[in-house]
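Residue numbering begins at 1 within each chain, and the chains themselves are lettered A, B and C in the order written.
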Amino acid sequence: MDAEYIKVTLMPLLQVNVVEIRYKNTVVTSDLSFHVNEGEIVSLLGPSGCGKTSILRAIAGFEPVREGEIFLADQLMSYPGYVVPPEQRRLGMVFQDYSLFPHMTIQKNICFGLRGLSNRAQIRVTDEMLTMVGLPGYNKRYPHELSGGQQQRVALARALAVKPRLLLMDEPFSSLDVELRARLSFEVREILKEQKITAILVTHNQLEAFAMCDMVGVMNHGRILQWDTPFNLYHEPADRFVATFIGQGVFLQGTVLTPDSVDTEAGVIQGDAPLEWPAGTSVDVLVRPDDVVPDEHGPLHGKIVNKVFKGEDVMYTLQLPNGASVMSVFPSHEQYDIGAMINVRIAADHVVAFAR
Amino acid sequence: MEKAPLPNRPKHRPVRHPRWRRYLPNPWVAGTVAIATLIALPVITVTSFIFVPAGEVWDHLVATVLQDYIVNSLILMVGVAAGTLIIGVSTAWLTTMCSFPGRRIFEWALLLPMAFPAYIIAYTYTGLLDFAGPVQTALREWFAWSYGDYWFPELRSIGGAIVMLSLVLYPYVYLLSRAAFLEQSSHAMDASRMLGCGPWRSFLLISLPSARPAIIAGLSLALMETLADYGTVQYFGVSNFTTGIFRTWFGLGDAAAAAQLSALLMTFVFALIVIERWSRSRARYHMTGQRSTPLPTYRLRIGKTCLAWLACGLPLTLGFLLPGGLLVSWSMATAAYVVDDRFWQLVFNSVTLAGSAALFALLLALYMAYSKRLTGGMGTNSAVRLAAMGYAIPGTVIAVGVMLPFGWFDNTIDAWARETFGVSTGLLLSGTLFAVMFAYMVRFLAVSLQTVEAGLGKIRPSMDETARSLGHRPLEVLGRIHLPLMRGSVLTAILLVFVDVMKELPATLILRPFNFNTLAVRAYELATDERLMDASSAAVAIVAAGILPVILLSRSITRSRSALQGRTAITETARMAAQPA
Amino acid sequence: MLLGVALCVGPGQNATAEEVNLYSARKEELIKPLLDKFTAKTGIKVNLVTGSADALLKRLETEGKNTPADMFITTDAGRLHRAKAAGVLQAISSPVLEKNIPAEFRDAKGYWFGLSLRARPIMYAKGRLDPAELSTYEALADAKWKGRICVRSSENIYNQSLVASMIVANGEEATEKWAEGLVRNLARPPRGGDEDQIKAAAAGQCDIAIANTYYLGGMLHSRDPGERAAAEKIAIFWPNQKDRGVHVNVSGAGVTRWAPHRDTAVKLLEFLITDEAQEWYAQVNNEYPAKPGIPESPALIKAWGRFKADTISLSQLGEYNAAAVKLMDRAGWK
């Protein structure tokens, strides 16, 4: 391949530059850019159809780009009309459906990407990999003899066996049950960090993204809306969509009162930083359930209209006298019935607001 | 407040891209489109005659026989539809849902009539049942009747043609509906019975409606074969489109009018294809269902067992045992002077030809289907469609469609060579086995292609992507992942084309080189010469070659009860059929 | 493997003079033994492709001047005429052929030559009618034969030729009337081949069948006793003996226009008209020799008796073929 090598100084491991991807002439994503640094685990998070998988496939080399380019380290991988084939990119990929080759043993699967290995070397690599993913001794099994979680561990081992420059994971845990999903995402993070693997996770599940990743890009309609740490995404969403997609909460209508406070349907909310709008601007203020805390003497008096028991805590929806509603999380032992009236207060230390 | 950081944009440097790469054709797409165009050439050649004005003859056809052609073709289709549906669906249901002694044998034996070319069964029955045949003669002798004293169904009529075609074509419907019944979730049946429906009502309300797409797909295959049949209708004196095309082309010597008839025929075929595709897309939807648990089998009591035997035994006897037995007995009587070195040469020719055609079709099909999988664009998709067109078109039309462009090619090259080098190249392609092979590809590539496509379709794309991201090139992926995973489909594709080519007649007859004959040619020549007994050995050899694959396929279907496995292979299995004479 | 087979059976483009290539509409069984005799006698190898005449003609046309075929053999004059009209035959002048084949059985310019005669008389079931009632083809349209006649489909070239000969004799209008009358008299819709018509007559489904004689001969020699018994019940009536004579067709051959082995082909043609070959036609397939004066050796043919054959030029059968087909379509002759 006569790919053009472009020297770029202080390069991140992966650069996606103003990329446009189309599928059958429908633009899936355009003007999309981000980069991933060596050793980082990042996630592309978004609802289905937001284009996150297309990006991943473009990075892997399965999807051509119509505009822009993709660099891996200092190598140009994709630009319009040209794609370095996936098999020459040295990336690892893990899919939702595990994609183990059913006609091969676990050992054969793991060594699939390693050419010209002697049988002994194969056994050594397989043992090492299986130990790493916590499945020692499974060499001779066939994929169908393993549970879903075990299969996904093998898939990970297979992808890591080739020492990929970058690991791509496409909804890797979606086929697993909730408990296993949480455990495995934690374990995988441990493994990746230990092996110093750079990885991109594509998922629609924020818990998974938050559990595994250093940075998360929230996507919708083919664009990255915010690229940030999980904490900031939750507490300082930069966009109305991010605010609703990440976590729960309601918007209260309000008017900017002073540079750092807003007068809302639920009273004045005081923030710790100045807002960007002049006083008198109409805004919507995001109120998370954990911002609304029970307080016998709280200024807000609401009627419980809905209640969802979640084990350790309970999520109540309260209707305020002026018709606005807020959500609130109470510890599980504080039990109220639907229709009961309770007092709460808003305990936000910063204000997240969007101009109306 | 401070705006959260947006994705970090690295400094964008202008990069010079050699844009011309964009316009280079992908080799997979280009190759596939080229093959498809080549394969479609005969069909295109024939249809191009539509644009030649055919005034007088066409008017004559419209004034006299066209109505007959249309009406007879329709009656034939309706009749065969009814026949194959009744036999196919009922036997499929009995062998899937009911438990009675002998069921396991019927499961595969009911497929056997598939191995019979339709024209051979027609000749055989005529010999048996005609007015002058042994049955009627015996009746007359026993009862001292003479002509006019009694009524006996006339075999050589449109009704007879319907029966003959139904007997050899019902296995399509049987195969597909059986596969569909096997796939059905037993939960639905359980629920139905819990709600108080008996077996019969459950069948009508649950099984039948959910198997409908598969049944329609099988039916449309049977009907395409019906439309392409020439031997049976011609022998029975039923004038329809196929006989009309021959008569117009050869008897009236008007290629344009014949092509217009062909075009009209193709509208029928097209309608069938649309119906089949529609039902298939539905079928795919059904396939996403859960893996089924073992099916409920209704245990039949003695009385009903007898009825089941009758229902399954009758088509088997009439479609295979009786005509097969007759042929075998005739061939025993004549083998002494029919089976000689020349006969074994014919067997060798047929098997070699069919074997090579099957392998060659498989290679082409693998290339095209894989290219479609790799690129998946409009180009490859329509190319694959295009290449599959030949299946429903009568063999003679295809043979002429092969002959014309090949002759043109040969003569053009020859003229050029003479002009430039003063050397004559003669005929390079015409009258060679290559031309015969090419015609087989035109006619049967669809069979191979769809089987392979179906097999590939069952392998999830993430398998390819995993393998490629692990550093394997597309062809390596094909060899190391796909081929091992779709062994069944590959075998099916080979067997189906093999059997089809064994039976193929018109293209072989018209295109073959000097001194080259096959079993089908021999059987046909003797049979049309009304020397049925002498023809029987060749016929038996053809049928015997067809039986083994049929049984193998049937076994693989029963084994792959996880419907997803067997389903599409079965659809394609159903394409095995009697070739028109 | 395929290539190997192709090479073995290839048509032999760079042919020496010692071979000749045939496209034959006569089935292998009914020509190969004769060709083997020719090879044995002359050492010339004969390569053969059989098939339907129409298809082979089409093949000749598309192969054009590069065709390997030297000779085109058919079983009727109509197709020979069509081949001539399509320009794929060449005129041969051979004193041997011209001397031995009567003018009406060959093309005037030597484009094709009839090699054996196929008579298409009326056949009747012995005892069920008095042969005195029969006279001509024309008379078969008479209402007294209602429901008593069997004949095969109008798709068949022999029927097309018969009707063409009647168009020549009586004109198109009269022939169409006749065809309508004949269709009214049919015992059953046309189906099957000539043998089936004979069998139907033998079994009593009809009293009269129109068929070529050699089919009856074949049945009489059949290995199947049933067929022999049926054939025994049938007798031949030679119609139109007082006027133009029985309709005859020929099986014949022409040398192709671009024949690479023209001289060998002529040699083969001349062989096919030798006494030995002519007798073979009669012995093997109960056809009549085209060459006058050949002893009608099989007892069978002798028993059927001599007849007067229609002497119209067979070229005309080809010329009127399309007209005949359309006429039969109009008359409802299936």
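Here, a residue touches a chain if its C-beta (ideal position, glycine included) is under 8 Å from a C-beta of that chain, and two chains touch if they have at least 3 such contacts.
In this text, all values refer to a predicted model and were calculated from it rather than measured experimentally.
When every chain is reduced to the mean of its CA atoms, the largest separation from chain B belongs to A.
Interface comparison, B-C versus A-B: the higher number of contacting C-beta pairs is recorded for B-C.
Distance from the chain A centre to the chain C centre is 85 Å, each centre being the mean of its Cα atoms.
Look at where the CA atoms of chain B average out and do the same for chain C: the two points lie 36 Å apart.
Rounded to whole angstrom, the centroid-to-centroid distance between chain A and chain B, based on C-alpha atoms, equals 50 Å. Chain contacts: chain C has no residue touching two or more partner chains.
Residues of chain C that touch chain B in their complex: 1-2, 5-6, 9-13, 21, 27-30, 47-52, 54-56, 58-59, 61-68, 82, 152-153, 155, 160, 188-193, 195-196, 199-200, 202-205, 215, 218, 223-224, 226, 230, 321-322, 325-326, 329-330, 334. Within the complex, the chain B residues that touch chain A are 1-10, 12-13, 15-24, 460, 462-463, 465-473, 480-481, 484-485. On the side of chain A, the complex with chain B involves touching residues 4, 6, 8, 12, 15, 17-18, 33-35, 57, 60-62, 69, 76, 79-82, 85-93, 95-97, 99, 101-103, 112-113, 115, 155, 158-159, 162, 164, 168, 170, 217, 224, 226-228, 232-233, 236-238, 271, 273-276, 350-353. Residue ranges on chain B touching chain C, taken from their complex, read 60, 63-65, 126, 130-134, 136-137, 140, 146-148, 154, 156-157, 234-237, 239, 243, 246-247, 249-253, 333-334, 349, 352-353, 356, 360, 396, 399-400, 403-404, 406-408, 410-411, 414, 424, 426-427, 430-434, 437, 509-517, 521, 525-526, 528-531, 533.
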